[in-house]
Amino acid sequence: MRPSKRQPDEMRAISFERGVSKHAEGSCLVKFGDTHVLCTASLEERVPPWLRNSGKGWVTAEYGMLPRSTGDRMRREASSGKQGGRTLEIQRLIGRSLRAVVDLQALGEVQITVDCDVIQADGGTRTAAITGGFVALYDCLKWMETRQMVSVQKVLKDHVAAISCGLYNGTPVIDLDYDEDSSADTDANFIMTGKGGIVEVQGTAEGEPFSEEQFAALMGLAKNGIARLVNLQKMAIA
Amino acid sequence: MRPSKRQPDEMRAISFERGVSKHAEGSCLVKFGDTHVLCTASLEERVPPWLRNSGKGWVTAEYGMLPRSTGDRMRREASSGKQGGRTLEIQRLIGRSLRAVVDLQALGEVQITVDCDVIQADGGTRTAAITGGFVALYDCLKWMETRQMVSVQKVLKDHVAAISCGLYNGTPVIDLDYDEDSSADTDANFIMTGKGGIVEVQGTAEGEPFSEEQFAALMGLAKNGIARLVNLQKMAIA
Amino acid sequence: MRPSKRQPDEMRAISFERGVSKHAEGSCLVKFGDTHVLCTASLEERVPPWLRNSGKGWVTAEYGMLPRSTGDRMRREASSGKQGGRTLEIQRLIGRSLRAVVDLQALGEVQITVDCDVIQADGGTRTAAITGGFVALYDCLKWMETRQMVSVQKVLKDHVAAISCGLYNGTPVIDLDYDEDSSADTDANFIMTGKGGIVEVQGTAEGEPFSEEQFAALMGLAKNGIARLVNLQKMAIA
Amino acid sequence: MRPSKRQPDEMRAISFERGVSKHAEGSCLVKFGDTHVLCTASLEERVPPWLRNSGKGWVTAEYGMLPRSTGDRMRREASSGKQGGRTLEIQRLIGRSLRAVVDLQALGEVQITVDCDVIQADGGTRTAAITGGFVALYDCLKWMETRQMVSVQKVLKDHVAAISCGLYNGTPVIDLDYDEDSSADTDANFIMTGKGGIVEVQGTAEGEPFSEEQFAALMGLAKNGIARLVNLQKMAIA
Amino acid sequence: MRPSKRQPDEMRAISFERGVSKHAEGSCLVKFGDTHVLCTASLEERVPPWLRNSGKGWVTAEYGMLPRSTGDRMRREASSGKQGGRTLEIQRLIGRSLRAVVDLQALGEVQITVDCDVIQADGGTRTAAITGGFVALYDCLKWMETRQMVSVQKVLKDHVAAISCGLYNGTPVIDLDYDEDSSADTDANFIMTGKGGIVEVQGTAEGEPFSEEQFAALMGLAKNGIARLVNLQKMAIA
Amino acid sequence: MRPSKRQPDEMRAISFERGVSKHAEGSCLVKFGDTHVLCTASLEERVPPWLRNSGKGWVTAEYGMLPRSTGDRMRREASSGKQGGRTLEIQRLIGRSLRAVVDLQALGEVQITVDCDVIQADGGTRTAAITGGFVALYDCLKWMETRQMVSVQKVLKDHVAAISCGLYNGTPVIDLDYDEDSSADTDANFIMTGKGGIVEVQGTAEGEPFSEEQFAALMGLAKNGIARLVNLQKMAIA
């Protein structure tokens, strides 16, 4: 039995609160149970140097955790003078995942930065950030569409969402919270589109190596879960 | 007339939401109008080197702004590799202000770190951070009292709260929002205790120098405003 | 009685030595007793990015302490890799104070950087830096006037000087040295113009909060002291 | 057809040169075609703080690229002042992969650092680093066994090796070189043990999302390739 | 007798392996006994800011040591966040030495960066780096000549090579290895051209000060050694 | 003829002003013409880690230039976040030179840090720093001797001083100022003891390589100059 008492294929309560920022062109407070991530999408005129005068735009992401979003207070990265390896790894992942469903040519030569700041952490912050970041990105594009800057339909090729799965006491389970994650044997993150295409998979054996069959079971759970997340995204932006 | 249509002595809607963090020993989401600051108070065993084996504790503060808490997206300080001068100045001020009402001997050899993270900014973030940080600190001490670690009454000598005042078109006004702050001639911050003692005053002429009389008028506004803030704190923690 | 044996309203011996740098357009070694600050004003063609092509200039300041300017050797900031919060706070204050008496439009699109390096510290380094920095700035503008670049009279709107005051054993005293500063209850810095206008005030309770009346007494002392400092500046540049 | 003219399931020429460092306890120059990585394993007495007095040891890795290991010269990370996100991500991956086959208790309270420095890059540097790093680690443990410090058989639970696979023009291919990698649609890295257990999988869609079936095909290629790499490791250390 | 059993005027086995990098325009793996340095010369279009539109080019160098090139593992400079003083000093020396034989006008407005990375260290890494860096530079210029970009004869004014000499137990010896260097009384590096002109000399007393005569003896050894090195360079590039 | 109108063997006016710092255990403002360096020697209890419990002490140096000590204002190293290569090179040189005349065993387990801050630069700052740093070090040891901590005679084995020489239009000259240094063909620094032993020599060809004879001529000039500097040191500390 899972510490959270959930069924193996049962995700936590998921919610999207849009328009939470007075300033950002798009914003979304996403909750996967007790994991809360504030996502804002900011439109900027300038693009990275390698895209200047290319007519193409860029979507990038940054990730951070408030110092006391976690059980023990973490050192503030601004104070320690650099972003750690885990932070850089996650924000690169979020950026790649969102770009997978964006037509950068149709976006035009602007940059959208999606900031994902973890207000409270309880496992699965990167999957929540991608799933909620998509909603913030959508709202930013809608904001631009209202001003005749883009056509959302042309820029956004599909939905994208993410979920973690893992082997807990040998059983494949979905959407691990912190307690489950800490003692899981295997931890995997899946990022897929609305049509079911895979954008990124990452699986890590925390203890014993896992088998191809076990990984397939995790992927099966993830496919169903992401289909549900995409539905929730659609309801949220309807 | 003020851009916000408020009377010169009228503060914005003020609210304190306690217990907003699952993990922190004390927490408070404070709102001064559209300025929203998440304050958490974290208890740690270790004290700064100069207090080791002194029997005395420490209260310190850190301050940060989410990149899109502002009208234009700011660069993330964790990414630029250092905290700016304004950030350091503000977090030193918050720490000093909170320590002014704490008996560090009665606290015992522990450290409480009050993190003040600006979720949304519309002027007056430092005054909101001090005023809300006090509530988070209070709740942290209450948490400790429940565990027989301290007596709140002995540690907390008084309330502390802060407000900004300024000369707007020559008129002294209280609790400036961003639009008012941007065009004010003089900007002053006042930090006072529940008994009306002054903990810190800072006044800056943005344009023309100001007179002693004008400064006294700002201080008069501040005294009334802080008395109201202390009342609101008392109601919040009742 | 003060440790320095001075009367409450008695400042230390003040002196300005102009032209101490072979290279700088303006320079002044200012002494407030044993506090010695070397101020140089450097003229540069380039202005900060936000002023380019605006026709307006800029005055900024940097502050540093030699490692052994203090009783115990401090770590060199160049070696520790960053300027501390106190340094940033002080240099921002010096810059704001000097700009308060400069017409940036009349200056034209150039930048003057006033470097204030503490050769020897004995309390009141920031007030000495502002007071001496003004003289270095004046000489830099004179240098420019000689070359038909500006009119000093149009650029410099007034004098500016600064002094610290504090409550020592309950008594308001002026121009605290290090020993007095270390045990004062309240520490305040005042920055005023030649005409008596207030540019900046900062007051901090080190121990008990202070009252409005006490603060007014400190301001009274400061007004007289700054009037004297301005006279000394005038004699120095005559 | 692949740019390298290789068959889809054909790896590049693989070689391991042991004992290439006069100083390191274990070392291996591994070549996957034109990708050359120098791996050294260094034994140190001190372990990370969280393991002190635990009786357990640690295996960690660092990764770097010589500035001209690549087609265009890259900026030296020592000179730019920090390791980039990609570097941190790769060295974390190498460390996790090697630890997956090490019994840290049996190792005892020492640390082995495996440095993987890319002398020449042509795609697949991280998989070469893991595969060659294992050989360097093995030799370091042998060095320790000779000195009665450990039993290699007890410390090393299995072999570990890694290979990249990808979809090139829709066809699953193994061990991509730089030209192939640059234009592949999907890029995946597989890390497995000698017994065929999976330690880590990472798959990324560079262009279009990929399907579950496509990913299974890549994994099938990887299983065979890694079995061959493990055989080559066994021959190298025989 | 020297620990290396060599005669006082006997250098270690010297070798130059050219073309060791697939990517670099020029490259050379130089060995002075067990000291191995990989030198690559990279051609870049952009020159330092102060040379833009001057028609003149630049030759610069960077130096690094692999973490386990030494007896004890050193901390990776990329990880510690800065290049140490010794590194900066050596790479400045290499750059100056190579520029001494280059006609920057004849080179034209391009930059050549010579990276010298120590694969294995056993004393004398800086002298090996200069001597081998010259060969890499030569090959880079040859590469350019083949493409009608320069005339090697016009750009390269002479050969340049370097050797260390020292007083070991009072006896002047040449080309010290690590064991000899560690216990030498005086350590000197000489950098000379093919025609015997001196480009740079540096001599340091490690223990007792040395005399003018002793220094002259070291220089005598160096002159012969460098003449031999230049011959070896000529054979290598023939 | 030299730009300074001096004879080839004529040094600038040299002066040592002792006791210029209220706080430092030893201090000296040294002037070589318009080059002014403030040297302070600070006694500290703690020694570097590798000397703990060895009974031996350490002498180290730090070097800095005030931003406007030079003709054009330089960027403040504390603000740019690191000490440049030139700074590190010079402060390592100063430290080595002073240690050459100190018996670290006789000093006992303490550290003396000699800070050399250039107040005004006109060429030869490093040689002035060494020559004046010796006087500050001497006074620090005297301060210690007064407190029965050391015997100056046992700790200080000799005097040490430094001078630059160079080839100016082919003529060997001593003690180059900035104008001379900028156009000299060869620049050399010599550091010698009171007994005439050589502690360090560094010679660099700025343009054409130089010959052994030319270098000997520079050394001859230096020997006489340093003998004079040592005499001046002796008169200063008498």
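Each chain gets a letter, A, B, C, D, E and F, in the order it is written, and its residues are counted from 1.
The rule we apply is simple: a residue touches a chain if its C-beta (ideal position, glycine included) is under 8 Å from a C-beta of that chain, and two chains touch if they have at least 3 such contacts.
Predicted model only: the values in this text are computed from it and were never measured.
Between chain B and chain D, the least number of touching-chain steps is 2. Averaging Cα atoms per chain gives one point for each, and the point farthest from that of chain D is the centre of C. The pair D-E is the one among B-C, E-F or D-E whose contacts match those of A-B for more than half of the residue pairs. One simple way to say how far apart two chains are is to compare their mean CA positions; for chain A and chain D this gives 28 Å. Mean C-alpha positions place chain A and chain E at a centre distance of 51 Å. Taking the mean of the C-alpha atoms as each chain's centre, chain C and chain F sit 33 Å apart.
Looking at chain A, one finds that residues 81-82 touch two or more other chains. Starting at chain B and stepping first to chain C, the touching chains follow one another round the ring as B, C, F, E, D, A. Residues of chain C touching chain B in their complex: 82, 84-86, 88-89, 91-92, 96, 100, 192-193, 195-205, 208-212, 215-216, 219, 223.
Looking at the complex, you find that chain A touches chain B at residues 21-24, 27, 34, 38, 40, 42, 44, 62, 64, 66-71, 73, 76-79, 81-83, 87, 113, 115, 117, 119-120, 122.
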